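Chains here go by letter, A, B, C and D, matching the order in which they are written, and residues are numbered from 1 within each.
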């Protein structure tokens, strides 16, 4: 008889569907662990909730997410609602004794993130954030390469994250341009590169950020123009101990669709990666004759675990949604008491701390050193 | 109450798992159509059958695939066993009134393929082959571009399919080097490019092939060497009416992991594609000033249907397994009476016809014209 | 006192200018060898001849190339006229005791090429052909890599040469579409890949070619359309001993500007190269763990001789014209009695032999085995 | 009778040879303008001076550069010596009534650069700096594209310049690690991206820089280790009016050979370029249906002036040295009274001003606003 784990899902948008797919595929892909039982789905609109429950094969639907939190058959809760709700829902779920899988960014304000982290610690439950890019088998490979000394001691890092969904200056003003939504690209994007940095190298110890607005205003539905309050672009200098770095994020970068570009330089080589070609990594090793040195392009293959759980042949390619399946599996492993590859709320809080320090450095126009009390 | 369709799966290897994942995800991804009910799984070893049934969430397991064929709750059968079994299983399933989703290549010999096609026609059931590469949204886009005249009239085509799983001359002799397994790269690989050609342009009307063996013999388990009987490389000149073409396939091509490279030249532009970067296509349009012409790299996006069913944002990337989900959905649409994008047994037989003509042209060292009686 | 060598140049078009630049730069680039003294320039139009002589710094200009041949101060003659004149001029120059640097292809007909080769042998002078692509330091590197066993024993080769100067079906009919100009892409393009094959691997021993016409006719100046007599596309299967190969050439390939793409597969790796990125080569070595294998991109650097004579820093890039400077230097070395890297008339004749065998195989629709009496 | 211009060359290293080649090829490549007459060459070692004069075809050689400055037949002087000598030589040459072509960076200190600029203004002669990368026909094309509004209003720029000649931590300490040589990557590299920025967009108005040392010390010849005094890495945030930007330079970036990577984002598109592939540029235009948008790779062609002066066919590729030929031609045009595409001493001083402001911002750990009195 198979072991099961009861799943609740709050939110059925982009990430909600992505979680649903991950819960569905984790067991057939990995073969091991409990079978997720799709117990309860919450979505503000009850008709939509019912429709999605039918599509995703959830047993029950509700318009009130608290129904789900109080359902004793739900053991783990996926939170995929807008950021403003994360704290309330995550804290409630943890207090109700559920494990939590919450989408990023953690919360809108730092104090909310702190509250979430405290609730997680107090609960003794597993609480993780949806930083799926660290789950790419090739990102794991990059970590292994660095750890094995393949490029020597890292001394410089550059990270870029760019998309173009805010690139059109004539696209209508919406909530992402309101100050209430956060800083802009800094919290919308920067958290992803920070999750990669943390996983591969470490958390920044000092930051200097500059945010900018490509467009001062945007058109509104009534034909006027409204002043943009958030920054679609942020450029950051940082240090991770003695490692220097540059982080550039831009959500109005025409032509970039899902670029998360890493350049990691070490004393004996370098590694280059771009999420837009997520099945490739490049490594340069400063060994052998100069005539034979050059970047090597490594294509994702079964040797890069757990690619093999999806496809037993190299070069066929994983997709974005597969990363979420891996994340789900790592969550299940963590719940089972293993050491999963996850960004838990404690780690997530440090990412938030960095983002807020960046924003502060922008205001102060100077470096901000980041103290990390818990670490 | 959701409509369901009962699924049987024969074989649980690479493609068996891939079918299982597709049956699981088709409904949550697409939202429409019946929910696949995973009824019965067959795998020669009963212990393995039971394990896989548990992993993939099938209700029942058997070591005898005929149990599955006779199960009245099974409405559609996935056949993912070695090629030698395709004909027997597909014919039996069709005769039992099941729809059939059979992996490629269709069968080992042409007469078997003919028998399968006849059985499909007689049954009135849907019978399709697993030519998943045609399901890539960007391959659809290529088809749309050609159909819309974006590159004018096509006049020349080159296709390559290369992998390196047979590239090591010291890898031990196994069944793929035995004549009983078929011609070699010609039937192992060529069928995929032919499925793409058929979908995008048409079936070859005339072929000239040359097969070659990179290694005359390979080591055996007992330390001797055994003569290789199949051709790991095949190079083919062909015509599709007045369009000239070159097809190159090589399963001992060191460095190539999943290359299926298309170059399509027309009177007003060209299109280039490589499955190893399955989320990109390149198009050259001979319009505008010379200084501004160049290949444009288009990244898979929601505008390329049905990418949007997986991810609502561009540039995040589909994976190989997603193609199988699309194929499953197209099968379900076809079963529902819609015009799905599938390679049915009648089309599949034409692909087989081409492969066998190629082998004949190699033996005859001359062009072979292909008559297609049914078309 | 510097040693000099007297240079005559016939023709001042694309290649004429390229030769002039090479004669001018060879000494300052390489530092060694005699200084070319630009003695005499011939160009059918005397005014143009005078203008070019002034631009290129030639001492004298003439409209009659025979003046140049009989000028005792001319020691080596560059022949860069249309192909139809090559034989007459080269033979005359050789008979007059001059060294000859003749542009490719060697001649329009095979018997003319034979006559040139005989004249060269009889003269005892150096006579070479302008196959400049073999001079790329990275092509040398490819040769060194193959020779050193870096990819094991070569077993399969693919070569493509594509440009788009004939791609526009509405471009006016001109002499390249007339039968008198030759076969078409076969002699226009195929000779370049053949020069690379010969240098890196060997001459084909057996060929099967198929030529095709993307456009049956083209517009003429008087508004009518004229039937195209040459083949803009040719596709060839070939063998070099036990090595199988595919050669594809297309001068109406929209989007391709200077593509000469090589794929060389061996028992232990492969090499990939494209002239459009002439400062890069890719090599795959099947060594080490599978997780760390992948194509390595090597960028042209001083370690790749004689790149260092042009630029002492890596990655700055050579250009097409630099290849001609290297060719000129290799010619001078050969004249000085050293073993230069050149395609002499004897080698060039073998390239011609291959091209004519290809055309014959097209007509005969069967394989043609190539006997090479002189080798 | 051809017009000539007398040339003097000081220094015969990397750039000295590059100038010599440019002086030799400018006339045959461009066909127009005066013929450079190679009059006088200076090199500290008289034997080397004589050897180089012979190789480069200069009429006279000297070990004393002042001989050359006082030679009335010299009309223009190439200065390619170490940076420390630029000011003295340039000022002397200008005072002697010569035009000056001086390699970058302008001078070691800002006051020296000011002195050079003043001397140039006073002399009325042409004085330019060797910022050759702006001469790439594709960089001109980028400028034309921006000017024509092809990407709308520019709002964000990123520039990287990376090489790896200082990447080996065990390479012996030499003068580039001494404080007397300057700041490090900031003046060694940053000036090139600044010359591109100035040409394409404008001079920075505000900067914030952070310099770092990948290696605190390096081995010396006597087996000890010596503290590194310069910064091999610099990361800079900047503004050009309302345009935000990031500049990253690293001369210890393993794997990078000649990378100068530009990313220019505008309100209607973006442009991407990398000097390592100097014959390609990429442009994204946000027009047409989303399904058809993507970066277009444009390959250098005759339509991109003055590529056509080198090669009349597209895609054959210019090299680094060709850029210097174009620069030489632009210098000659400027001397002839035309408006050449050059970085004169006045513009060069602004580049120096920016570099020194960057260094100051590093020391002050804050933004530095750049006042440009002369502009």
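One rule holds for everything that comes next: contacts are C-beta pairs under 8 Å (C-beta built on N, C-alpha and C of every residue); 3 or more make two chains touch, one makes a residue touch a chain.
For clarity, every value in this text was computed on a predicted model and none was experimentally measured.
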Residue-number overlap at the subunit B/subunit C interface, same or different (half cut): same
Interchain centroid distance [CA atoms averaged], subunit A/subunit B, Å: 34
Separation of mean Cα positions, subunit C and subunit B [Å, integer]: 41
Rounded Å distance between subunit A and subunit C, as computed from the means of their C-alpha atoms: 54
Multi-partner residues of subunit B (each touching 2 or more other chains): 256, 293-295, 299, 301, 314
Chain contact graph, described as a line, ring, star, complete graph or other shape: complete
Subunit B contact footprint on subunit D (complex, rising order): 141, 289-299, 301-304, 314
Subunit A-touching residues of subunit D, taken from the complex the two chains share: 151-152, 155-156, 158, 160, 164, 167-169, 208, 210, 212, 214-215, 233, 235, 237, 244-246, 248, 250, 252-256, 265-270, 272, 284, 286, 293-295, 365-367
Contact footprint of subunit A on subunit B as seen in their complex: 2, 14, 17-18, 20-21, 24-25, 27-29, 31, 35, 51, 54-57, 163, 165, 256-259, 276-279, 299, 301, 310-322
